[in-house]
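These notes open a run of structures that come right after.
One chain, subunit A, links the two complexes that follow: it is found with subunit B in the first and with subunit C in the second.
Presenting the complex of A and B:
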């Protein structure tokens, strides 16, 4: 099952997006990476890397991000990890999380979900 | 093509939970399954679009099922709807 990492400047936002997605796809692995180590706002390279490592599995990982620098930090992490089946999805984080996790729960593969998320 | 109507019971209509579960259910079938509410038709598997229909309890929606497994899909969809309390 494709797993998800939710990256946000805010820990609350990352957790909230996961809570919402769990309403319709509780069986899908989802890992938050919100805020900085000290709880302040920002995106943390270590938090994102740890979350991706936790999420990593044979079916792949989709990383969702909220705003600007969340994308940049995530890109740096993806370059450093150099994992083939970890992708970052663009687009609205809540819609992408809810749609992506339902697709994963119904057995859709990594590429199929990424394709679907581009239509949001 | 098989069409049937369904009157929603859930006060919040097809919100994130039922819309998500509906999307999971319809994806099990090859048939094209659409839902029409308030004059708008969307694919039942696109849960964001389904949620945007803004349905609520008492609204009657029309499901249309078309494809090689339409009979099985329509039957399963009806029992899913009854069972989900949507």
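Presenting the complex of A and C:
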């Protein structure tokens, strides 16, 4: 199953997106990387690295991001980890989380899910 | 132009300056975006100061790499990956040089500019730090080519960066969080261009 990482400036938002997606796809592995280590708003290189490492090892990982630095920091994490089956999806984070995890639960592969998310 | 000790000193000065200007940078950011630039930058540079105090640094590239990586880990906003990439690219450009000549410094800054363009998928005229970085580098390269001394070159750079900050007041943001308010960002100076100019001012003060 394709796993998901949700990167947000807000820990609550990342957790909330995952809660919502779990309603329709509880079996899909999802990992939040929201806020800074001390709980304040922002994106944390270490938190994102940890979440992606936890998520990897499955059939691939899709990382969903909210704004600006979430995208840039995730790009830097991916460059440093050098994993081959991790992708970043653009587009609305809530819709992408729900659509992506439902597809993952139904057995869709990494590339298939990525293609669907592009049309959101 | 610069040895490790001088660079360390300058980074310390930059950290102090950013701390002093924390509220000002935050106010600038508040006017057009999410108001975290000052707080984020000062958190990042405080962490840099701490990291550098006990670090084993052989060549300037090590120092720049450590600064870059620390900023990426601790800033938390867009300035983290942007300035982080800038400093890490400076390290890459310098390789194992043991001392920085003016020419090395300019080459490193070229790497920094390329890094910010790549990381932010951005260019000049979008109301970002690049509007200070690019014209100041061009001015310094021109002054260097004319055979001017370090003092004159850095002066040209700082002046062009300040003009770049003024220029950001005249344009609408099309990149970053400020682009959400588009035309309404006109009249406000860009916080990233401002913080970059502060850093260059500290370099000039320390070297000249």
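We take it that the second predicted complex is superposed on the first by the 119 of 120 C-alpha atoms of A that agree within 3 Å, B and C clash if a C-alpha of one lies under 4 Å from a C-alpha of the other, contacts with A are read in each partner's own complex, and residues count from 1 in each chain.
Going forward, a contact is a pair of C-beta atoms (placed from the backbone, for glycine too) under 8 Å apart; a residue touches a chain by one contact, two chains touch by 3 or more.
Bear in mind the structure is a predicted one, so any value in this text is a computation, not a measurement.
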Inset, instruction - Could you say whether A:73 touches subunit B, subunit C, both of them, or neither, answering first, second, both or neither? - result: second
Inset, instruction - In the overlay, answer first, second, both or neither for which of subunit B and subunit C A:46 touches. - result: second
Inset, instruction - State whether A:36 touches subunit B only (first), subunit C only (second), both chains, or neither. - result: second
Inset, instruction - Give one of first, second, both or neither to describe whether A:95 is in contact with subunit B, with subunit C, with both, or with none. - result: first
Inset, instruction - Return the residues of subunit A at which the contacts from subunit B and from subunit C coincide. - result: none
Legend entry - Residue ranges of subunit A in contact with subunit C within the complex: 36, 40-46, 67-69, 72-73, 75-76
Legend entry - Residue ranges of subunit B touching subunit A (in the complex, touch as defined): 16-17, 19-21, 23-24, 27-28, 46-48
Legend entry - subunit B contact footprint on subunit A (complex, rising order): 20, 23-25, 95, 98-99, 102-103, 105-108, 120
Inset, instruction - Name, in rising order, each residue of subunit C that touches subunit A in their complex. - result: 36, 40, 72-73, 75-82, 84-85, 119-120, 176-177
